[in-house]
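Notes for the one structure printed next.
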Amino acid sequence: MNIKIGQYIQGDSFLHKLDPRIKLVSMILFIVSIFLVPITLDTYNIVAMITLFIISILLVFLSGIPLGKVLQGLKAIVFLMTFTFIIQLFSIQPLGENPLLDLPMNLGLISIPLLILLLVLYFFVKKRIKFKTTWFFIFVVGIFYIQYAVTLIPMNLDGFNYQFLVYPSGLLRAGFIFLRIIAVMVVASLLTFTTSTIELNDGLESLMKPLRYIKVPTYMFSMMISLTLRSIPTLLNETDKIMKAQTSRGADFNESSIGQKIGQIIALLIPVFVISFDRAEDLSNAMEARGYIIGEERTKLDVYKIGFKDYLALFVTSAILITLVVMGIAL
Amino acid sequence: MDIQFKEVGYAYQGFKKQYHALKNINLEIEKEGEFIAIVGQTGSGKSTLVQHLNALMKPTSGTINILGTVLPSKKKIKVNHLRQKVGLVFQFPEYQLFEENILKDVEFGPSNFKETKDHKTEYAKKSLKLVGIDESLYEESPFRISGGQMRRVAIAGILAMNPNILVLDEPTRGLDPQGKDDIMDLFNEIHVQEHKTIIMITHDMDIVAKYAKRVVVLNQGEIVFDGKKDDLFQHEDFHTFHLDYPTHMRMMNHLHETLGIKKKFVKNQDELLSYLKEVFK
Amino acid sequence: MIKVRNLNFMYEETKEVIKDLSFDIKKGAWVSILGHNGSGKSTLAKVLVGLLKAQSGQIFIDDIELTENTVHEVRKKVGIVFQNPDNQFVGVTVRHDIAFGLENMKIPQEEIVKRVDLYARLVGMEDYLKKEPQQLSGGQKQRVAIAGALAMHKDIIIFDEATSMLDPEGVFEVTNLIRKLNKEQGQTIITITHDLEFALKSDYALILSEGVLIKEGKPSEVFLEEDLLRQSKLTVPPGLKLYLDVKNDPKLKEQSELVDALWTFNLKK
């Protein structure tokens, strides 16, 4: 079994070649910048946000990873984002603004059954088509359209009537947050796409070095992380074997009652725990025999050099942050 | 035919392309009286093959008929009951122990099937006796006994399910020579006394020579030989199977090469000794 | 190279015992320590690298007595390869694992890189440097462990049943490597095993039974005493058995060519 942890995809791009420490710091600076842009109707701020968003998309091209693949990672939060978007649209009711959209909506005897029908239709079609995200958006639009369309029927409707109001600031806020979330997610995934877990661990260890002066055992943390990373695939393999062995003794998860399932989980967990403890003991013996002393200083196989590209990246992200801070103060 | 493979293939998606672990497998196994050794290089598909025998894995092409149940099936069907009839002992089975005491652990298997539920304690005790675990250990934790004993308890756990067919994946791996002999004698006894069919994956050609009746050789997912063991060892294409000869035959070959003694097919060491006595009269 | 004097050990958990054990191991020798399960041989391995402490007795590695204070010093000279290939693989990749011991010794980075390459090549794993452990076979993992010990320039390597969990291909790889290290590089090797066939390849054998050393000597002499082997609960491998049967047969034992041929069969492979 070939199990890969994390999203790392090997490559040669500009981002791949950057020092992991620089990547971590730059990412933090960039994300802070994104959150620093105030959400107001000022042209400056709108432009700043859109620029940052475009920069994050452009960064994808510096990574050698296809844009589609990066955006795929966002699918997991599509629901959350849409929900947030809608909440933002509704929650802003500023005075002195004219709504962009003012539609009557009804939730009643006709619209509710139609909504339920739509829900059923959504799940039915979802299984059968490929473009699930697009279908989801159509579904959401449909939810609101039904509530509106129902009011067009020349009848007196019972139920809950309300107005669907979209104000410019509501739309703006929703748009801002939408762009913000995407930008942050893209930048964070770019980090994991272009940096292997080893590099990330080494980078973190190096950045944490100053903590040693206040007696924080950073060597230990990074050894723990590295042992965990090394053990995950092995542990998954062992778990798979135990599952098969217990299934062969009649513990088929798919074909058993709730009561039986609990017993089966124990039959899986206990052997895995025992194996893990045995492993830990053997591993610590092996480490000790090879001269490992907890807390002692160690040299490292991999050495990272900071080069021109790294300084450039750091410069650019710092510059962006400083510009925004200055702009924020000046305006 | 109680287990029948028809053009069975098993493929899965690898990193860039499909990987075929099994191809064109045609195999027929009786539910009684057989002792089959499954051999082949590491990676030839042996484990994948035996995991089909108890419906742990289902073919991606072709069909398999296990005691009347045909897989794969379009409708969702129950397969768990098959595991009572075809008992599979994995490599290093001692890792599957988990219960608070040995007796309970051995009862786990039978407790999961309606055929054996009501007799679980009786069957468990019987199996423990068969593998040579003393009554005094029944209340002990399975983690407090030696590695060799743990393996025997694990095997008892499968025997207690009262299967018709026993499938063993390298049952002697990791054991010392004495342990190997003890375990194999146990399985042989079960085979002889209760007439159960035994299907065993092994790399040890001496074990094949001593215990197996029929040998199935796999190479890169395909069956390249299926027949009597004597026919295997005298096969003219033996070298293409990537297998070793059993020790007594290697000794015969060695004596032929160094002393020029005429080669004779011998089934075991006693026959080799007798032959030598004849030659050097 | 190694001197053991009157070692006494009692391990609570497994009830394994070593009683008044004394022996010497010369530099460059390949010594097998044999015994049935529970004879004390595995605990002996751990005692020799200071993972377990003996109740009484002395151990001298390269004339340094093994004590709580000298343990770290001694561990630089004695390496150990354990039975379970997975449970001793520390690094995230092959090169990280070979480097592990060197990093502990605070060896400078450039030297670490050199040694990792050199010793990976010596054990035949130079094409696998970036592979992760789950992508390797048991035999490959054991070879990586051996490279790790060699990279630390350890004078002595102990193999604690290092081939029992491997498939035949793995056993072959590791056995050949051990032979190469001993014969070509002059490495001092101790193999702890219950497999007489494997032990026949070594220069010298120590037989333990119930924690006591009952016999030592060259395999070619010691393994011929059937009663001794039976007493120590060691199984005679088939090749050796035929040799003994022939030597016990009144007519066949006179056939010196036959006897010699059967003995060489046991030494090869």
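Every chain is named by a letter (A, B and C) in the order it is written, and numbering of its residues begins at 1.
Criterion: a contact is a pair of C-beta atoms (placed from the backbone, for glycine too) under 8 Å apart; a residue touches a chain by one contact, two chains touch by 3 or more.
Per UniProt, the chains are A = Cobalt ABC transporter, permease CbiQ; B = Energy-coupling factor transporter ATP-binding protein EcfA2.
Note that the coordinates shown come from a computational prediction; the quantities given were computed from them, not determined experimentally.
**Student:** Note the shortest touch-path length, in steps, from chain B to chain C.
**Tutor:** 1
**Student:** Going by the touch criterion at the top, tell me which pair is linked by more C-beta contacts: A-C or A-B.
**Tutor:** By the number of C-beta pairs in contact, the winner is A-C.
**Student:** Counting only C-alpha atoms to place each centre, which chain is farthest from chain C?
**Tutor:** Of all chains, A has its centre farthest from that of chain C.
**Student:** Just the number, please: Cα centre separation of chain B and chain C in whole Å.
**Tutor:** 31
**Student:** Between chain A and chain B, what's the gap in Å when you average each chain's C-alpha atoms?
**Tutor:** Those two chain centres are 47 Å apart.
**Student:** Residues of chain A touching 2+ other chains?
**Tutor:** 2
**Student:** Which part of chain B faces chain A closely enough to touch in the complex?
**Tutor:** Interface residues on the chain B side: 14-15, 51, 54, 56, 78-80, 83-84, 87-88, 90, 93, 95-98, 108-109, 111-113, 143, 157-158, 161.
**Student:** Taking the touch rule as given, give the residues of chain A at its contact with chain B in the complex, in rising order.
**Tutor:** 2, 238, 241-242, 244-252, 255-256, 260, 266-267, 270-271, 274-275
**Student:** Please give the residue numbers of chain C that touch chain B in the complex, ascending.
**Tutor:** Listed in rising order, the residues are 14, 36-38, 137, 164-165, 167-169, 194-196, 233-235, 237-239, 241-242, 245-246, 249, 251-252, 255, 257-258, 261-262, 264-265.
**Student:** Quick check on the complex: what are the chain A residues that touch chain C?
**Tutor:** 1-3, 197-198, 226-227, 229-230, 233-234, 237, 278-279, 282-283, 285-293, 296-301, 303
**Student:** With touch defined as at the start, can you tell me which chain C residues reach chain A in the complex?
**Tutor:** 46, 49, 51, 72, 75-76, 79-80, 82, 84, 86-93, 95-96, 99-109, 112-113, 116, 132-135, 148-149, 152
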